[in-house]
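The same chain A turns up in both complexes below, where it pairs with chain B and then with chain C.
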Partner chain A sequence: MSPEYIKEIVSNHKGELGALISILEDIQDRYHYLPEEALRIVAGETGRSLVDIYGVATFYKAFSLKPRGKHHISVCMGTACHVRSAPGIVDEFTLQLGLRPGETTQDGEFTLETVNCLGTCALGPIVLADGHYFSNVKRQDVKKILPKIKSGFVEEPGDREDRLFPVEVYCPHCNHSLMDEQNPIEDYPAISLGYSFNEMRGWVRMSSLYGSHCLESEHPIAADTTVKLFCPQCHAELVGKTACFDCGSPMVKLGFLGGGSLLMCTLWGCNNSEISLNGHHRRDEHTGESREHILG
Partner chain B sequence: MDYLRSREDFTALQKRLYSDYNADIPTIIIPAGTCGQASGASDLVRTAQREIIKRKLQGKIHLRITGCHGFCEMEPSVLIEPAGTFYPRVDITGMKRIIDALVRAEVVEDLLFVDEETGQKITRQDDIPFYRHQSRLLLSQNEKIDPLDVYDYLRVSGYSAFVRLLTDMEPRQVIKEVKDSGLRGRGGAGFPTGLKWEFLSDAADGKGKYIVCNADEGDPGAYMDRSLLEGNPHSIVEGMLIGAYATGADQGVMYVRTEYPLAIKHLNNALKQSRALGLLGRNILGTGFSFDISLVKGAGAFVCGEETALMRSIEGKMGEPRQRPPFPVQKGIHGKPTLINNVETWANIPVVLKNSVQEYTKIGRMNTGTKIFSLVGKIKNTGLVEVPMGTPISKIIYDIGGGQSGKAGIKAVQTGGPSGGCIPEKMFDIPISYESLAQAGSIMGSGGMIVMDENTCMIDVAKYFMNFLKDESCGKCFPCRKGTQRMFELLDDIASGRGTLDHLKTLEELALVLKDVTMCGLGQTAPNPVLSTLKYFRDEYLEHIEHKRCPAGVCKGLISFTINDLCTGCGACVKACPEQAITGEKKQRHVIDQDRCSRCGACRSICKFEAIEIH
Partner chain C sequence: MVTLTINGLKVRVEEGMTILEAARFVGFPIPTLCHNDGLSPYGACRLCVVEIGQEPKSKLVSSCTYPVEEGLTVRTASQRVLKARGMIIELLLASCPQSKTIQDLASAHGVHQQRFKQEYEDCILCGLCVRTCSEQMMAHAIGFRGRGENRSIGTPFDISSDVCRLCGGCMYICPACQLRCTYNQPQHAICNACANLRPPCIEKEGYNNLMCYMEPCVACEIK
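== the complex of A and B ==
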């Protein structure tokens, strides 16, 4: 555990409403529980007594003072799940893992918990494991679910073919193709862009398979660096109006022939990209014309 | 993003969005809220994107990814605009076929919704009984907008009500309109919204008044608020903007439970976009009116839905309630006057004020407007249902919900979550209103409607809620902390066959004590599930106590499992039994060793031949 990191979290939330709860949430996101040492640092940094911090940490169900397992299983015990036999699902997990709700297996693999309602009542009984929802779970499904959780939900063979597909993008300013046929990545023409960060400039080629994050760049770029991206033809900086839904960094917008756009996060390592095909003729800040018009 | 400096800027942008959008182009709409995603909507989105790009159909077919439409039972579903075609439970192959058909302006007949009663295929969503019998004032918006895109909300006249009021109407007048609309709190208690606003407006002038959106939807079995937060976050922002303008508040807070990650993501995005447009922040549209909203996450405590606890949680403390008065409007967050409304109330505000208030008051009987319910449990059409106030329960359960889901008949419906009660089938003709539900011993509550059938034990239900409440009681006041604990123990005794008639007497006595002397709403309403089941299902309690029998076959201490002659000897139950209590030759009828059996029901849930009976 790094004291600097905890201090950074505390200063990130300075002056916010409900800061303490957000601070503890951030700490738990990182360490999967609230280490005592971290709480002492929070007390020191915020000027609140350790008793206060301990009170909050134990009052809310989302916090744990004990280390939790690698995989986190929550069985929903909402009313709708209850009348559809959720208690039997908990019993089965208890039987299979040899632990009661709130406990962690000795090998540190699984933590079993119950939650009062996940709000997906139509699909009950619901099991939420590491962010994945299992719906309409039956008692006999539990044995099949556990290995899936343990393997980290690896894609089944064949999945990749189905999920990834190639896209062709254009610069929204000069209308030139951004596809580089000479330097394919994963057998498809790469998306070729220029970048700059910390006064470094260079080229980057990205896989044009939507959902793949393969790329090659002139310089190594460290994760969590925000880069600026440019069109290699007209050298205009590519900008978008949206912030990344995952990390909040700016997203750049590239166009598809015929309409629609691809949004890419500019934070290295965030890997978030979104396709928009909703038919909006949004005006482009620079040209004042609607993008669909330029490309179509 | 276009920063709007005046009402003219706003009108110009909205005009441009109207004129640029071609509503005649076929649009594939995929609901992808939390439950949509859990049932595979993300795969459909991928497939649609891939097909449209691969076949260069951009501009010919549009794709809109939205929040929940309400018919959860049929997800992942696809809706086609402008035709209104509805496809239930679509898979990847189905998605490809829908696009093929759309290119040829055709309908995929064999993927259409089939009405089970008539056996007829129904093409249009609006003709399906589930939708036909509703008045989807709020929920229908979810289909029309991509919740991550403020332009979509603006295109359907979003923020128009706010901008009109901001420039044309005095704050006092806005409050009067809300009062005249008859809108009452949708969080459950039903306090008149306009009156609450007036109180805040009258509270000391000057800086530092808060308005809060209570999005700590903790009632188990209720998820209306989640669908609004995920599917139409800007409507809540607009509602709060109007509230702030009317009451003079300058700070807004959305308190969202941490169990709703997608709602948090969509709200954060909506706040960012509104700020970028200049609809939130300082000097909005050059009028001098300033207001901003911050989002605070809960951390998993049911009691934080109670307003005084919620305020403490917003201050970053333990969410313990306190005595009222002083009410939040007198002494709220950090001592400042504070107004708290529920998500659905806020989402109603732009709807109420968009047109004339007179129009709005025509909706509903007894109370005005609509109410969204989450219809779940042993019901055929699970989902979110929006009906005018005054609609009889029977219409919701049978016409919209399609009646029972299994073979067992419907016995009761539970409304109002842990603070509510069970209404028996014979009373299903009572209309939905704050008063009539209270008279029936339940409450409107936030809108959970859990249907129970003959296989649901009412003692088990009462025990379930009491267990929930004893865990969620914050422990600050003794009657609640110990009372819920004791009531749970009494119910557990009855469910385990240790109950006596004295147990009933003590239960009723304790229930009244809790009602009278606990400090906050959680404790005061905690006895409701017990009292209402005692009122309507006393026979079931007596069966448990006098005959040590659980008629629904649920209470483990009172039932036994046996195998009948439908058994084929397949051996599935032998493998499933955790206690090794089942034996038998292959292809011969098996037997259960009653001493070893733990009544877990594993055998019954795996048996395909209905050979396991409960006694």
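== the complex of A and C ==
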């Protein structure tokens, strides 16, 4: 844990009223838990008493004071999921991992937790693992889910179990749909865009399934190339104000049908994308980082 | 100035006072537990309930946190209030029977039974110690932690605090751990000893301090 990093987080939130929770969230994002030392630094930097901060940190279930594993599994035990046999799923995870809810494996890989409702009751039982939602989970699915979590969700194409929905996007400049019905990928209309890099121009079509990174492009593009993306209709360059939370490359902003926007990282192979449903990214102005991981 | 009616008596008090302050100012006693004159109101124990408003729409509020309003009607000892207060004391007894403060309250308010599952907590989460620590001692050494069932009071990380000056203020003010009551009927976890003395030690009316003035208590011999 680096004190400088904590101090930086605190200074990022300077002047915000009631920034404590945001600060703790940022620390938790980075370390997966709230180290004692970090809380002491936050207390020193913000001028609040340690006991206040500790009170907040222990009040919210989202914060953990114990180190959590690399992979964080939450099994929903809310009413709807419970009646659809979520307890059996917890038992199965317990069996497979040798953990009781709230514990972390010895090798620091997995933390198992139960939560009370993830807000998607109709799709229950729900398992949330590292930000990925698994819906309609059955007891026998647990064995299949675990390796996926372990491999960090690199998936084989065609394997669609944990994806929830296709998205539809439009160009924010000309409002034309970017969906290509003629050339579906994975049975859904593809998102079609123009790209340019190193004076090369071409087209790219990507799967519109949120969370899938299947795509076809005119030229082979090496990983770690930053590309410019264009609307195929009005040829305007797609831009965005934010930087990717994972790699720091600029993200482009597409209109999201039904309100909001979809942000996509322009670094080839980074595959990071985010949906902002209210059309407004909470932190744009402050840190240049977009942090609204709603799904994915 | 604000005019309000307390138990049928029209009174004029300063704006910004709480109902509790106003009622005490004009001489109506309201029992309190988590209230202390030197500390900010907190409203944790609800013992200070009073009834406000007109009959069918009247409601119970905690007087220690409710500011006076123009034209408010307050009843500090209506049937409804007494019933609620008795219930609160019973619940407090259910969690902390060993507290002399609570046992005294029970005797003074005629609570003779405790119908709930008996627990033996040593904290009723009234927050007096937390407020003493931060408001009077400016130490901020202890505070609330967790929530719901797991809420507790203590230092961060449960280790001895480096800002605590060991003043003992928290123990001094605590109504639950300061005096251990051994109550003479352990199966009922209710003492009532002073109320059963002849003549009774605590009189229901006219005795406003509630803590017994005799030390040690002649009935239960606690110092």
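Brief remarks follow.
As a working rule, the second predicted complex is superposed on the first by the 155 of 296 C-alpha atoms of A that agree within 3 Å, B and C clash if a C-alpha of one lies under 4 Å from a C-alpha of the other, contacts with A are read in each partner's own complex, and residues count from 1 in each chain.
Please note the rule applied: a residue touches a chain if its C-beta (ideal position, glycine included) is under 8 Å from a C-beta of that chain, and two chains touch if they have at least 3 such contacts.
Given the structure is predicted, the values throughout are model-derived calculations rather than measurements.
In the superposed model, A:Gln140 lies in contact with chain B only, and not with chain C.
Residue contacts after overlaying the shared chain place A:Leu50 against chain C, while chain B stays out of touching range.
After overlaying the two complexes on the shared chain, residue contacts for A:Glu113 are found with neither chain B nor chain C.
Of the two partner chains, chain B and chain C are each touched by A:Phe59. In the superposition on chain A, A:Glu36 makes contact with chain C only, while chain B stays out of contact range.
Of the two partners chain B and chain C, more residues of chain A are touched by B.
By the touch criterion stated above, A:Asp180 is placed in contact with neither chain B nor chain C. According to the touch criterion, the shared surface of chain A, contacted by chain B in one complex and chain C in the other, consists of residues 52, 55, 59. Residue ranges on chain A touching chain C, taken from their complex, read 36, 39, 49-55, 58-59, 65. Every residue of chain C that touches chain A in the complex is listed here, in rising order: 134, 140-147, 155-157, 161, 163. The residues of chain B lying in touch with chain A in their complex are 1-2, 16-17, 20-22, 25, 27, 34-35, 37-39, 46, 49-50, 52-54, 56-59, 61-65, 72-73, 75, 92, 146, 148-149, 151-152, 217-223, 226, 253, 258-260, 265, 269, 272, 276, 294, 296-302, 313-320, 333, 374, 376-378, 382-383, 414, 417, 448, 450, 452, 456, 461, 464-465, 468, 472, 474, 576, 578, 600-602, 605-606. Listing the residues of chain A that touch chain B in their complex gives 16-22, 24-25, 52, 55-56, 59-63, 77-80, 82-85, 88, 91-92, 95, 115-124, 126, 133, 135, 138-140, 162-163, 165, 167, 210-211, 241, 243, 245, 248, 256-260, 275, 277-283, 290, 292, 296.
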